[in-house]
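Note that the chains are named A, B, C and D in the order they appear, and that numbering of residues resets to 1 at the start of each chain.
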Amino acid sequence: MKIGFIGLGHMGAGVAANILAAGHELTVWNRSPGPVKALAEKGAHVARSPEEALQGEILFSMLATDNAVREVGLDGALLARARPGLVHVNLATISVDFARRLAKAHADRNVDYVAAPVFGRPDVAAAGGLTVIVAGSKAGVGKVRPLLERIGRRVETVGEAPEQANLFKVAGNFMLAAAIESMGEAFALVRKGGIDSRVFHDVLSNSLFACPVYQGYGSAIVAEKFEPAGFPLRLGMKDVGLALEAGRDFSVPLPLASLVYNHCVEATVAGFADKDWASLGKLLATKAGL
Amino acid sequence: MKIGFIGLGHMGAGVAANILAAGHELTVWNRSPGPVKALAEKGAHVARSPEEALQGEILFSMLATDNAVREVGLDGALLARARPGLVHVNLATISVDFARRLAKAHADRNVDYVAAPVFGRPDVAAAGGLTVIVAGSKAGVGKVRPLLERIGRRVETVGEAPEQANLFKVAGNFMLAAAIESMGEAFALVRKGGIDSRVFHDVLSNSLFACPVYQGYGSAIVAEKFEPAGFPLRLGMKDVGLALEAGRDFSVPLPLASLVYNHCVEATVAGFADKDWASLGKLLATKAGL
Amino acid sequence: MKIGFIGLGHMGAGVAANILAAGHELTVWNRSPGPVKALAEKGAHVARSPEEALQGEILFSMLATDNAVREVGLDGALLARARPGLVHVNLATISVDFARRLAKAHADRNVDYVAAPVFGRPDVAAAGGLTVIVAGSKAGVGKVRPLLERIGRRVETVGEAPEQANLFKVAGNFMLAAAIESMGEAFALVRKGGIDSRVFHDVLSNSLFACPVYQGYGSAIVAEKFEPAGFPLRLGMKDVGLALEAGRDFSVPLPLASLVYNHCVEATVAGFADKDWASLGKLLATKAGL
Amino acid sequence: MKIGFIGLGHMGAGVAANILAAGHELTVWNRSPGPVKALAEKGAHVARSPEEALQGEILFSMLATDNAVREVGLDGALLARARPGLVHVNLATISVDFARRLAKAHADRNVDYVAAPVFGRPDVAAAGGLTVIVAGSKAGVGKVRPLLERIGRRVETVGEAPEQANLFKVAGNFMLAAAIESMGEAFALVRKGGIDSRVFHDVLSNSLFACPVYQGYGSAIVAEKFEPAGFPLRLGMKDVGLALEAGRDFSVPLPLASLVYNHCVEATVAGFADKDWASLGKLLATKAGL
């Protein structure tokens, strides 16, 4: 199949490589040349303009911010020059509101739009092990699903409105942040009572909480190891902010999300923005005088 | 070994049966006669007074409230009539402060005191699968450890001051409550955005959150099934309250524990005290107009 | 002086009448004709298009929402057709971010822009008793200050960047909301202890808290009188939301503002959006089972 | 009238002096001799034991902590040796729960017990300007009211159960703390937006918030002047803790009180325990990076 790919950051590059490995004809475009080169060596065609990437059957994009989407033109002008019948699959975590506007911008120009944000870190993306949350028209989703199954271990369709996939994603990331917060408070409490937080973490993350979030982030907090950042605090904060924004739009009170967000602000002030967001646990230890 | 057991509620009865099954000579006492009878049929000796239960090498107790401990006299008078060399193992979740006072009361009367609160529900207790958190003097813990290994799948020593085991336990229960709160908010959010919360729960509790807490409590919230209560909200609320009390004593700010506690109060006002504490999720749905 | 006025809602109409009463030549424009008529009878000139209102020395506007500002064109096109030297005074409470963008839009078209949001309700506006918070260029502020002193009892310049006046205003409104929240919690607490909340309110609002906010909102909470709404909850919620938005932009953690905002969401779900925002107190009583 | 007075701290000494000045025969007792001497010079009789202070018609006490009350014996033994018909007026801010137990201890020994906690600082006490909140039996309150009117500008009876006066007091002190929190957040917000917090405070505390709490504490926050402490943070924290305890007992969710309490813990960790509790404002500025 002829496929385009725009946005080859840490996550995008891994996904693109998997699509290429599946035997598709891939045209890639990126603002900076580095990641393009590596894919070209594996057989990808390098586009000279973003427009070229829209001339296949499917376009994937994974641009980190709303602004990047706008600069490339994927919220407007560029869409008008897409090959008829193109389906655009947006893998990025964007706000529910922006997702809704993007969906409309695509509909206005007869481009099918599927939102497919993913759970997983760069190494998981490279290994094809992502969890992919999909929402969009039945036709669009049907067309791209086989491809998504190449890049993810699990592909779950959650609705027909693209923004629903984004809502799903930010709600999930909020739960991650909440788990970090709860460990941060609990670890600080037991430590001040003279208990080794490694033992506390070890017991719980091998019983009631025997799952990746508590094992991984918990170990990071216990070891105070926040660099290199698997997921930097500033991005986590952005996602919790998007959950709050959605809560506002849907009239859902989210006191725990608010609490976590405020702690992210404090952590940012404390200089943790580029550390892993498990460093929230460090902030909570500091508040307790540890 | 000659062992006594006081307090045969849902949890205690299962533990006592396991000790009996291990071939020990067990003397049991309970305020109400029902559970005593069942154990007598399995070979336990029925004490006519609590005092009789203190004439072995080890006494286990599992009394639900501080008051019950006081009424039986385990915080004072009764201890003076214990067999010399007795080790008292308290399996109940009590406050850090009360644990400290009990430890002192025992030391004053030369009775060794070991705190051994457990994680697990009655069915887990009956199956010998509890996680047992132990703290106390090296000698005392050494003496009781083999027995604890009969009643628990995992036995973890966390310190020499008995109250440390209680701190460990309430900190763990707080983390449980926090997980419920985070699911409650996240589920409300996705539902108001038109997403099936079963799908949301299914995806997350089979990936990032693939562990008993998220699987079990999450299912209960999704199904709005809070009866019969595996763990009633009023007990969960008590434990979060104990975490807050410990936070106050050790100067640890616990904003998330405070948040959960306040929601427990609201849930109590709403009539959920005897429902499973997963019903916090119902409260959060209600706040969002669901 | 030749002055224009756009936006004759409850607040705007009172301010416009005061300007007229001061002997100025006033050209008014409003989307709906009702309020225009009343002012015309007092001698105001009725504009047939918004543009006419920009042909004097000063233009006042008091449009309730960002959208209204955009629809009229005061963020763009319309400004290009203003009389050279015009100073636009925006009396509305808008977001810090939108204020910043408006300031830029005016600068690009050589129109001086002064932000002058006000504290006070419609009756205070009609009586010329508002507190006016002003920010803008020295020249612009200097030109409009005498007029502002006609509409306000107190006029305070707080900076040269127009958005600073808006920040000041939303921070002040947040403090109002916080006072309501604190009364709501305190009143619920004393009531459940059998104390008459009228006595509690009477004592405090005549001693430590002897000021309009506690007297006025407190009386409303005690009497559970939330209609007609002096200031509807949905507008209060909007302002607390603007404070949070500013907190995010300036990296200021605002846990109390977050708390109040979440309660506003709950109150909205409970149907209080158009009641006075003192009805937050009612929400808090309900949470306590009152 | 023959009156006893136990507890001559900063507050008690001023009150005792006012009673003396009203021409009563006053017998004073204090653990440390300093304040006793000053009152003796003004004509007070110095008791050699607390018991002597219970031989008049009325006993006032103002002991800072529950423990002090217990050590003196006012919760038990000492009461049995009181002159028949004695009314004990407790001016201290104690917990609702302890008030209830004290009331019972007095009833058991036929001593009338009136709770009369006060609002006001030492200088206000010395000037006879306190606000006195009274609860107790009609007979007891009737007997002591004329005296209370000598020590307070306003005397308000709020119920017949003594603990109601204590509930009133801690609810009021919570409102104070909430006002400090709200100023702390608002001041931090405007400062980061480049506004002079003195101007912000000046405008608000002379309009909507023109009352002692906002004027006094606000000035302290703006000037960052927290020493000498008019009311030390550790005492304010104790009172907010008592409000939370009452909220727990009466099933009233108090999220704002919880928030303030957690900030008090953080402030304590930061070393502010003995500073004025307006230093909460400093904590909030620090969180914002100011």
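Everything that follows uses one rule, which is that contacts are C-beta pairs under 8 Å (C-beta built on N, C-alpha and C of every residue); 3 or more make two chains touch, one makes a residue touch a chain.
Values in this document were obtained by computation on a predicted structure and should not be read as measured data.
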**Item:** Partner chains that chain A and chain D have in common
**Value:** B, C
**Request:** Look at all chain centres (mean of CA atoms) and spot the one farthest from the centre of chain A.
**Result:** D
**Asked** How many angstrom between the C-alpha centroids of chain B and chain A?
**Response** 38
**Asked** Hey, how far is the Cα centre of chain B from the one of chain C, in Å?
**Response** 53
**Asked** Of all the residues in chain C, which ones touch at least 2 other chains?
**Response** 247, 251-255, 259, 266, 269, 287-289
**Fill in**
chain D contacts chain B in the complex at 241, 247-248, 251-255, 258-259, 261-263, 265-266, 268-269
**Prompt:** For chain D, which residues count as touching chain C in their complex?
**Reply:** 96, 119, 131, 133, 154, 156, 158-159, 161, 163-164, 167-168, 171-172, 174-176, 178-179, 181-183, 185-186, 188-190, 192-196, 199-200, 203-204, 206-214, 243, 246-247, 250-257, 259, 284, 287-289
**Request:** Within their complex, state which residues of chain D touch chain A.
**Result:** 255, 266, 269, 287-289
